[in-house]
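Listed after this line are the structures, all set down as structure tokens.
There are two complexes below, and they share chain A, which is joined by chain B in the first and by chain C in the second.
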Partner chain A sequence: MSGPVLSIRNLTVKVPIDGETRTLIDAVSLDLARGEILGLVGESGSGKSMICRALVKLLPSPAIAITGGSILLEGRELTAFDEDAMRAVRGVEIGMIFQNPTSHLDPVMRIGDQIAEGIRYHQGLGRDQARLAAVDILGQVGFPHPERQYDSYPHEFSGGMRQRAMIAVALSCNPKILIADEPTTALDVTIQAQILRLLMDLRDKRGLSIILITHDLGIVAQTCDSIAVLRNGQLLEHGPKRRVLADPQHAYTVSLLESHPSTPQEGGSRAIAKVAPQSLARPLLEVDDLVVRFPTPGLGLFSGKKKPVAAVNGVSLRIMPGETVGIVGESGSGKSTLARAILGLTPLTSGHVSFEGSELAQNRRHTLAKLRTEAAMVFQDPYNALNPRLTIGAMLAEVLTVQGNTPLARIPARIGELLDLVELDHAFLNRRPRSMSGGQCQRAGIARALAVNPKLIIADECVAALDVTIQAQIIDLFRDLKTRMNLTLLFISHDLAIVRNLCDRVVVMYRGEIVEEGRCGAVFDSPSHAYTAALISAIPDIDPDKPLPKGDLPPLSEPKAVPDLRGQPLISMHYQQREQRS
Partner chain B sequence: MHRYRFVLFRPLQLLPVLFGISIIIFILVRLIPGDPARVLLGTRSTPTAIARIRAQYGLDEPLWLQYFYFLENLGQGEMGKSILYKIDVLKLIATRIEPTLTLVLASVLLSILIAVPMSAIAARNNGRLADHAVRIVSTLGIGLPPFWLALMLIILFSVRLGVLPVSGYGETIGDKLAHLVLPSLTIALSLSAVLTRSLRAAMIVALKSDLATAARARGMPENVVFWRHVLPNSLVPTLNLLAVNIGWLIGGTVVVETVFAIPGMGQLLVRAIFSRDYMVVQGVAMVFACATVLVNFLADIVTVSLDPRIRL
Partner chain C sequence: MTSGATATRMNVPWSRFLGRHMTWTIGAGILGLFLAVALAAPLVAPYDPIYQDATVRLAMPSFAHPFGTDNFGRDILSRVIWGTRIDLQIAVIGVVFPFLIGTFIGTVAGFFGGIVDTVFMRLVDIILAFPFLVLMLSIIAILGPGLSSFYIAMALVGWVSYARLIRAQMLVLKSSDYAVAAVSLGFSRARIMFRHLLPNAVAGSIVFSMSDAVLVLLNGAAISYLGLGVQPPVAEWGVMVAEGQSFITSAWWITLFPGLSIIVLAFGFSLLGDGLGEWLGVNE
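After this line comes the complex of A and B, so read on.
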């Protein structure tokens, strides 16, 4: 290798806020070799995205400026480049892909045109030649019918395909460096594995250098050659992957590694040890052959027959008091619909939901009243689930007043207890969600759920939006609350590792049906269903020697991949073959 | 082309809407105080003469029967006979529709020609002087009443500068256009103000959006980012605002045609109301209602063509 493609020296980025200057990037130095994949790891606010924005001089606000250091791209000093010169670097020498392909692709422009746009502008090709080049790239990133799909719009694709399209846009002008900013965070694990494979293939074929920004050390362990750990704009540690993973020098890296959910924890065994008391005859929650169908949007008044889509298709579930049950599955598998149906937030098409013996379909009023006072939900996005105009104190007081079980005079004291339970400082009483972090907001959300003194808490992807260390704290909080208050917890997540650490029992859902159910340890150690096995194998393990599944997994979310699961264990040929191979 | 299938079905849905409108119009017209026969006869009115006129125009029939005749006529493409002008209402409207149609089209076109560049300048200079200037102008445009604005424009362009005609409507095309400048400018100044406010806000959001960042990250110059990505992604809300404002625009023509003495539908409507010419008021109101419904239908089609995600 002939020297680094990119060499960053003492890069410093500052922003003036209220008269004082805050340092966002503090003298960071990094090298990127040709064909290297560098993992930038850190939590939100650590400055990992900021570094990459600084590299192409697309800082999010004009006030933020590079105040020192140098960025050498093959020996040329980028910090000295003006805007015109930078345009010839962006897209041409450094391509970027982003976390959310849906918002980063132009929704009203054909996918192919977005790829061809850069080719036409930077390489001066004509319309037809650019189209040919774009079709070629679409094929390279895994579009099965590039010629036809050129004319599709982003919304016609799944999230994984959109990310492939985003990669195609970034590769359109054959850049030397690809910056991937959390490229798989918004995707399901199986799709994530495909995208990561694609990135590695592209690196191998094109000699591309990749900067991969992620908060997931598992991804880094699987894909990267070297790791840089950032916190508060400072580079804490930088080195070859195996060295950093095996022998982390900095205490923060150690804590990151420890909070990674695939790390075996005593928590998992603890959860298994604490078996729900079977002596209680009656389950707290019983779901029997539940079906929830949604009508597909038709043409209104004059549309013909509407084909309803079954989001939940014949699910039966029993949850005993004090049990912690995890529901896992990809997006679209019906996890959230099931949760909403249980709480009576979505009309049931058929089947039964009974809560403490009270039947939702038969005795709707009574059961709903019961559910509202004895069950509570914690939502995925802590910011959107809290009313931005209410202080935390006002929010909790509202719940307690409406609930009516707490005497008015007792409410302030009860609010104090709730904050203590979720380990929030009492100073938060007068704060609004805007001025709180994601983790603090989620604690407030949990406090609100606890306010009704529930027997059952349903947590729907409640840590998905949080950083790993915060995730670990919230999981610890749940574990603690569970034992202290004898809560029954229904924990919905796409993250199998978290479920494994927290739950006694796990239910795997696929396309509205339960494909596997059992004790956590048993299911994860020896999954009996190929879909569960595929899900588990797709998790990037923190151990670099346990690689991602090789080859191209067909997207599990596409209907064609697995034609019918009703007559299980009928699985797509692909997975059977894969199983035989292994 | 499945997305455009609603074009076939939507007109069927619009029929009940128009039926409802016809009832409302019929009742509202009859709520106007006064008696057309009395207005028509003026000083010659005697009880027998009034009764004769009322019988002649079917005004002595019960209301529901009058409505039935109204519908029956509509079904045959007729709207009855004007009491004042003594000719068929449709024929009367046909003679008056061209100036109004041209005025509305010119006003909309002018509004768009003003609103898009103004919003573009404001959004791309967000927070700077140009942005504030645009905001002040558009606030003024919303605040100033059209009749006053019309008079000021006449004083400036026709009286002081003498470059444009004061009022009326020409005979030749060039003459007509010259007569249309001030009236359509009057409407466009108010309408473009509303559009600018909405479009500017949408553009500011779109300029900061992820898709704009992504376009910049692939090296697109700011002009391309703006006109090819930001503009198409900001149009839909403003387009719908424009469609909603067509009703307001038609109301605007009533005022503007009166001020500029343009022999259009608005002027016809005002005169018909004053002379209690029920048939004409009904007819003109029906045409306005149909136009509003039609424009919203067209706006739906344009919306779908602008944003491939939208299905109606």
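After this line comes the complex of A and C, so read on.
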């Protein structure tokens, strides 16, 4: 192998804040060989994105500056380049893709034109030639009908296809290095597996070097050749993948590996141990043949009459007191709608929900009153779930006052207890959400849920927006609360590893229906449904010798094509809608 | 968060305070000055604003009359000072009532949606369908000329912009997770509406009300100019501009000084509005 394509030496980035200088990247040195995939791992704020922005000199603010070190791209010193010279590097030699393809694609420009634009600008091809080249690239990144899809707009595609389009835009100028900043974080596991495999294919075909920024060690284990672990702007560890995973040198890497939820050891056995009791008791929550339909938005120009979409279609569920049940499924599978319907936050179309024997549809007023005082919800986005104008103390005090179970004089003490329960310092009483981290906000959100002294807590994707180590802390907190307060927990997540780790029982949803249900261990070890199997095999395992699946998934199309499903009518309806749209 | 400029600035506390709150401080300063002048009008005004001195008609600005005199020999400076009282009152009352009405209606319409929303928004459409000034004039014509008629007309017509602003915010906020959380915690609708959603929705309207104050001020002047607002000989800037119009080529000071006062007061309001916007985080 020849010398490295990219060589970073002692790269230092600093920013002056309020008179003092803070170091964002502290003398980081890295090498990237041709055709190598380098994984940059770390929590948010560790400087992984900052390094990549420094490489192309697109630092987020003019005050942040590279103050030392060198960046050698094939022997040329990038730190000495001026803005014009850098423009020839960006895109042409270093391409970038980002976490959220929706906000990085121009919504009013055809997908193909966005790709052709770069080709015409950087390679000086004519309109027709550029179109041919763009169609070729679209085919390479897995668009099934590149010729036709060239003329589509970003909103016509799903998240996975948009990410493919982003990759196509990045590839349009034939770069030597591709920087992928959390490219799959916003995607479902099955789509994530497809995108990761696409990146590896491109590496094999084009000899591309890739810097993959991620917080998921499973992804790194599956795709990368070498790993760099960052924390607080410092490079803690750097080496070949197998060496780092098998024999981590730094304590932080060890804790990172341990907090990865797919780590096989724990979970299953511990959860099974405490399931068995009270199987004769009355279920706390009973859902019977629940259907929730939403009217389709927009005018039904081509369909004649509007067809409502069933977000939840005939779901039946029984949850015993003290049980922890996980609901998994991809986005759009109806998990959140189910949760909201159970709490009476979304009108039911048909079916029954009964909470402690009280029936929601028949005895709505009484059941709602019961739900409001004995069930609570924890939300996905911790910032959006808390009123930005209220301090944590005011928020909790209000819940306690409205619920009315705590005597006024006892409220301050009770707030203290709640903060202790969620392990938040009492200093947070006077803080507002804006000045808190995501994990701290989520703890405050859990404290609010606990304030009603609930029997049932529904947690809707409550760790999806958090870093891995924080995720692990919140999961631990739930496990702890569950045993201490005998809570019944309905835990909704798209992350199967977390559900396996925390829950006794799991329910798999697909397009509004339950396709599989059972004990966590049983379902994950021997899934009986094709969809569950596909979902499980798509989780990137931390063991590099368990590769991502090749055959189980439909290769380059969307997940709706998962073969052999019971939910036939739903799928055909989905297709009808697709037809109408195009 | 912190820009480079902040970091390089001197570390003197007051300069940093000024730097962060410059617009807000200047705006509040200007308004404070006008307020002080209005309150102290009898003390600071050198002459009686409606006393006519036939010996000094149309006098140029001089030591005796710093802003000159008008065609009746009244002292312009004294009239501008006394006018401050009326004009501040117009700007404040002309904004407060539309603000309160519009905020309430917008909150209710946005939160409940459905038939409530439809009824109020069609009402807004009807009011907007008429030219603003024509509607104002007809209401004042029915009620009879005078300042109180002007305030009533303002309240009946001006609330629509606030209702629309607040309604749009409420539509976004009512689907936020904290609104859903509040429902799931058993909070009453009124509590969710006015304690949780409204404080988060109102910032944009507060900022808008500052620029609206300027428009109301000009409207008041226009209505007075048409003879339906403040009645002569009471000193009001709009009336003074109107009166001086026929002497604009020979005695420019009659229109210039009240006109300048309107501009400076308007400037103060809009600076305060910008500062409030920053402080309330409207742009975040």
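Going forward, the second predicted complex is superposed on the first by the 543 of 582 C-alpha atoms of A that agree within 3 Å, B and C clash if a C-alpha of one lies under 4 Å from a C-alpha of the other, contacts with A are read in each partner's own complex, and residues count from 1 in each chain.
Keep in mind that, in the parts below, a residue touches a chain if its C-beta (ideal position, glycine included) is under 8 Å from a C-beta of that chain, and two chains touch if they have at least 3 such contacts.
Because the structure is a prediction, the values reported are computed rather than measured.
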**OP:** Quick one: classify A:L345 as touching chain B (first), chain C (second), both or neither.
**Re:** second
Original post:
Can A:A385 be said to touch chain B (first), chain C (second), both, or neither?
Top reply: second
Original post:
Is A:V452 contacted by the first partner chain B, the second partner chain C, both or neither?
Top reply: second
Original post:
Given the touch rule stated above, what does A:N100 touch, chain B (first), chain C (second), both, or neither?
Top reply: first
Original post:
Touching chain B and also chain C: which chain A residues?
Top reply: none
Original post:
If you look only at chain A, which of its residues touch chain C in the complex?
Top reply: 16-19, 61-63, 340, 343, 345, 369, 371-373, 375-377, 379-381, 384-390, 398-399, 402-403, 445, 448, 452
Original post:
Residues of chain A touching chain B in their complex?
Top reply: 56, 58, 87-92, 95-96, 98, 100, 103-109, 117-118, 121-122, 153, 155, 166, 169-170, 172-173, 297, 299-302
Subject >> chain C residues within the chain A interface of the complex >> reply: 2-4, 6-8, 11, 176-178, 180-188, 191, 195-196, 199-200
Subject >> Residues of chain B touching chain A in the complex >> reply: 5-6, 9, 12-13, 209-211, 213-221, 224, 228-229, 232-233, 306-309, 311-312
